Amino acid sequence: MKKIINDPSTVVEEALHGMEVAHADLIKVNYSPAYIVRADAPVKGKVALVSGGGSGHEPLHGGFVGMGMLDAAAPGAVFTSPTPDQVLDATKAVDGGAGVLHIVKNYTGDVLNFETAAELAQAEDIQVEAVVVDDDVAVKDSTWTAGRRGVGGTVLLEKIVGAAAQRGDDLAACKALAEKVNGQVRSMGLALTACTVPHAGEPSFTLGDDEMEMGVGIHGEPGRERVTLTSADEMVSTMLGSVVEDLPFSSGDSTLLFVNGMGGTPLIELYLAYNSCVKFLKEKGIGVTRSLVGNYITSLEMQGMSITLLRLDDDMTTLWDAPVHTAALRWGA
Amino acid sequence: MACDAAGVAGGVRRVAGTVSEHKAELTNLDREIGDGDHGENLARGFGAVIGKLDAETPDSPGGVLKLVATTLISTVGGASGPLFGTAFLRAATSVGDAGELDGSAVAAALEAARDGVVARGKAEPGDKTMVDALTPAVDAAKAAAEGGGDAAAVLAAAAGAAEQGAADTEPMQAHKGRASYLGERSIGHVDPGARSTAYLLRALADAAG
Amino acid sequence: MKKIINDPSTVVEEALHGMEVAHADLIKVNYSPAYIVRADAPVKGKVALVSGGGSGHEPLHGGFVGMGMLDAAAPGAVFTSPTPDQVLDATKAVDGGAGVLHIVKNYTGDVLNFETAAELAQAEDIQVEAVVVDDDVAVKDSTWTAGRRGVGGTVLLEKIVGAAAQRGDDLAACKALAEKVNGQVRSMGLALTACTVPHAGEPSFTLGDDEMEMGVGIHGEPGRERVTLTSADEMVSTMLGSVVEDLPFSSGDSTLLFVNGMGGTPLIELYLAYNSCVKFLKEKGIGVTRSLVGNYITSLEMQGMSITLLRLDDDMTTLWDAPVHTAALRWGA
Amino acid sequence: MACDAAGVAGGVRRVAGTVSEHKAELTNLDREIGDGDHGENLARGFGAVIGKLDAETPDSPGGVLKLVATTLISTVGGASGPLFGTAFLRAATSVGDAGELDGSAVAAALEAARDGVVARGKAEPGDKTMVDALTPAVDAAKAAAEGGGDAAAVLAAAAGAAEQGAADTEPMQAHKGRASYLGERSIGHVDPGARSTAYLLRALADAAG
């Protein structure tokens, strides 16, 4: 295992220290329990957005805390959902009296721990609603699984709903918008190499030199099938093919295309893949009016990418364009 | 050893030792069909439990179980944190403020624990989760208690059945938790949570025996 | 070789296409010869900044084209300096009448090709000056080498001098400032793994499981020495130790600390390393007043990092804080 | 073959073939002590040269050499692009508008080429660069020309000397170019630019012979 760390058991805490010092103007960090809040939290009268999940997906979620996006993030151990007290204390720290929306990626652990936190917060008279993001088309959504996973769509949802909260939408409106975004976004991932959880010390899985894991999850969970390495165009056609068919997206749609790196993929490959995506969508008559290309929801040092497509309407587009000022996404401010 | 507050605390300490001893194995099982953190998760949780117990041991079995529950909930995270936390919480409620537990109290506590896990996680037997270790353990515990077994005997019966239950998860296809994403590829691996459940019960049984 | 590409010989062109579509509001791309310019180029009366170099270091330099930073970037083949005609045509495309500053990283190929381009541009009556960046302390600056390499300091220089050009500084002032920045910035890199040039198909070097390359260059050039993998704190102490001693930086200095990923290093490790750096500098009494953490000058999928330290004065700080709007760095706009 | 425009063009075509044939070897040498692109760089450059020659062959040796020079300069990049470009440019200038080259014209062109590389790159013999292949090649070419050798003989002499010169770079420590960053670790590898220079001269000699 080759990592820039001191000790597997202090990775998350040391990285939080680094974030805190590097972004002292934006965020404050609490360590016991661990959570990150906007430096100006609580913002009175504004609906607060709290997300969280295992660490190892940086910049998700801590990198999205700030004006126009999240109010707090609760980072668990690497690939391990946070505990209820992290989420509860974060919720209390950011509640500005207008209620709190929990943004939860659909994993058993995340859902259970956020549920417990929400119950405890409600017992303390904080209004809490939750949206569970499940945009990963690689997983069959059936009673035979824990349901679709929350992946790249989470980033877009946090930005768009964050902007709505910032402009003053109330809790019910924020929750409804979050559900709408979740209903219109689909994603799929792919791994070229595995990642190594610091504590485990060994890669989560092994891939042959000419193999890739199609449909991989962001915790290195093996995906839909292990297939032979193909060209970027073919990767994109499999991934976007599933994504487009699932919603389905149709000719004339206006979309936000998000090509995301898994942490170990260089930007040059992401732009190349983005180009393949645009070609693919053009043929189908699907328009790309907004874009995001980069490493935003990652799996440690995994090489690979995920592709997320969101069907936009005018309001979502306005909210996407609205100013945001966080460590990882910033514009108009 | 008597199944009083000190006895239960001793059992929990032994659990902590077992978890730490098998940490790598549990993590490896979780790497196969999950995300490679189960051993670490439990080690972190039971490590914190030991810290709490060192500071102050509650004066009833229920108190100890509740301390374990709240500590696991606030330190483990993941799926297993709330599930094991709920299990210990329900067990604590089940034993109430009894000063010492007999065989049937232990069996009842185990049943309450299992029911709590099922209520939270919605897994059924055969879904390839810790429920597949807990359910046979509860059945065996109840039988042993009905046969007049004491706490140690009931725990020993539960542990044996849980071990078998854990082994039986190997050919199953997972329908709950992270392993379910693998579909058929989850077949052929023992479920980490079922295995840790068996270790946990074995440690309690050994401490009691 | 595992990459998201179609064909090694079209990697750069396809990635340029992707960039062009993803950032149509910011940049225009020319393909033959290849260069990227600000969408609003030439900006009349403003000194234009042109940089360039081999591809594979993204977002450097194309990701830094835009308001407040570069006017143009000339991307060569992967790890290969651009040709004079790329630089010449880029220079002509952005000259707004106030002259053009070439920002050249100190590699034999880059220097030779930019020199030729500058001569040709001057022959066409364009005023051209050049600054050669050589901030890498891993290389001994002696007559026995090609001189120090230009690495992380380039990013900071492009931002600061870009802001000066944007506020209206003339060519002589921009050149003087560029030389001042180059004189006050030092860097050092480290590789945990090698990278693979698409055409080569094989890793540029091989490292044992417990080895790292201390002082690596951004083209996978082996560095100062191959050493045993250490803790993050020890890596930082070696790297920053050399950096601090070289300038030297002293107690009371106010600095910009830039922790850069080599392309395959996850952000969580960069924040952790950043934390180690801050601890190290604190002990020496060196103050960190500005920060940059992320993958900004990379070596394809290499795992590793570089650390850059710039001694700031008031003017540089103001220029660093000035608005910038590029694909990879954006604030205040 | 006569060393006229067609002859020189034929030689250049053969160089393109040789470069493409040895592309992987040159790249591998450059991976050892550089950045792994030398073979690719030259293959891209001479590929473009062929395209230009196919479109139109200039009518003098100098014209062909100039076409090669400008094409290499505008397609190769890296250190070798401007250096080989300069070499061909100086050679073109040296031969002027002669319709056919004799042995001494070839030797003079080689010397001009080498001087151009030195002027641009500032490398001295022993610095472990292409200059270490070019310099012995120039010496051998001049000797052959003085001995009355024709163009083919001069090129053959140059090629042989360049091959030896390239081999001799192996024990050297690099002081110029990317390999210089390696310090002592550059010892024990043949310089890629010296090797490609030798291939280039050998191809020209073979075509002329």
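For clarity, chains are labelled A, B, C and D in written order, and residue numbers in each chain start from 1.
The rule we apply is simple: a residue touches a chain if its C-beta (ideal position, glycine included) is under 8 Å from a C-beta of that chain, and two chains touch if they have at least 3 such contacts.
As the structure is a prediction and not an experimental result, all values here were calculated from the model.
Averaged C-alpha coordinates give centres for chain B and chain D that are 75 Å from one another.
Averaged C-alpha coordinates put the centre of chain B at 54 Å from the centre of chain C.
Here the CA centre of chain C is 32 Å from the CA centre of chain D.
For the pair chain A and chain C, the distance between C-alpha centroids works out to 29 Å.
Across the assembly, chain C contributes residues 78 that each touch 2 or more other chains. Chain contact topology: the protein chains form an open path, each linked only to its neighbours in the line.
Screening every pair of chains for touch gives A-B, A-C, C-D. Those residues of chain D that touch chain C in the complex are listed here as 27-28, 31, 34-37, 40-41, 44, 73-83, 120-121, 175-178, 180-183, 185. If you check the complex, the residues on chain A that touch chain C are 2-7, 11-12, 14-19, 21-23, 55-56, 58-59, 63, 78, 192-193, 209, 212, 229, 231-233, 235, 263-276, 278, 288, 291, 293, 295, 298, 300-301, 303-305, 330-333.
Residues 33, 54, 76-85, 107-109, 112-113, 115-116, 138-140, 143-146, 149, 197, 199-200, 202, 204-205, 217, 219-223 of chain C touch chain D in their complex.
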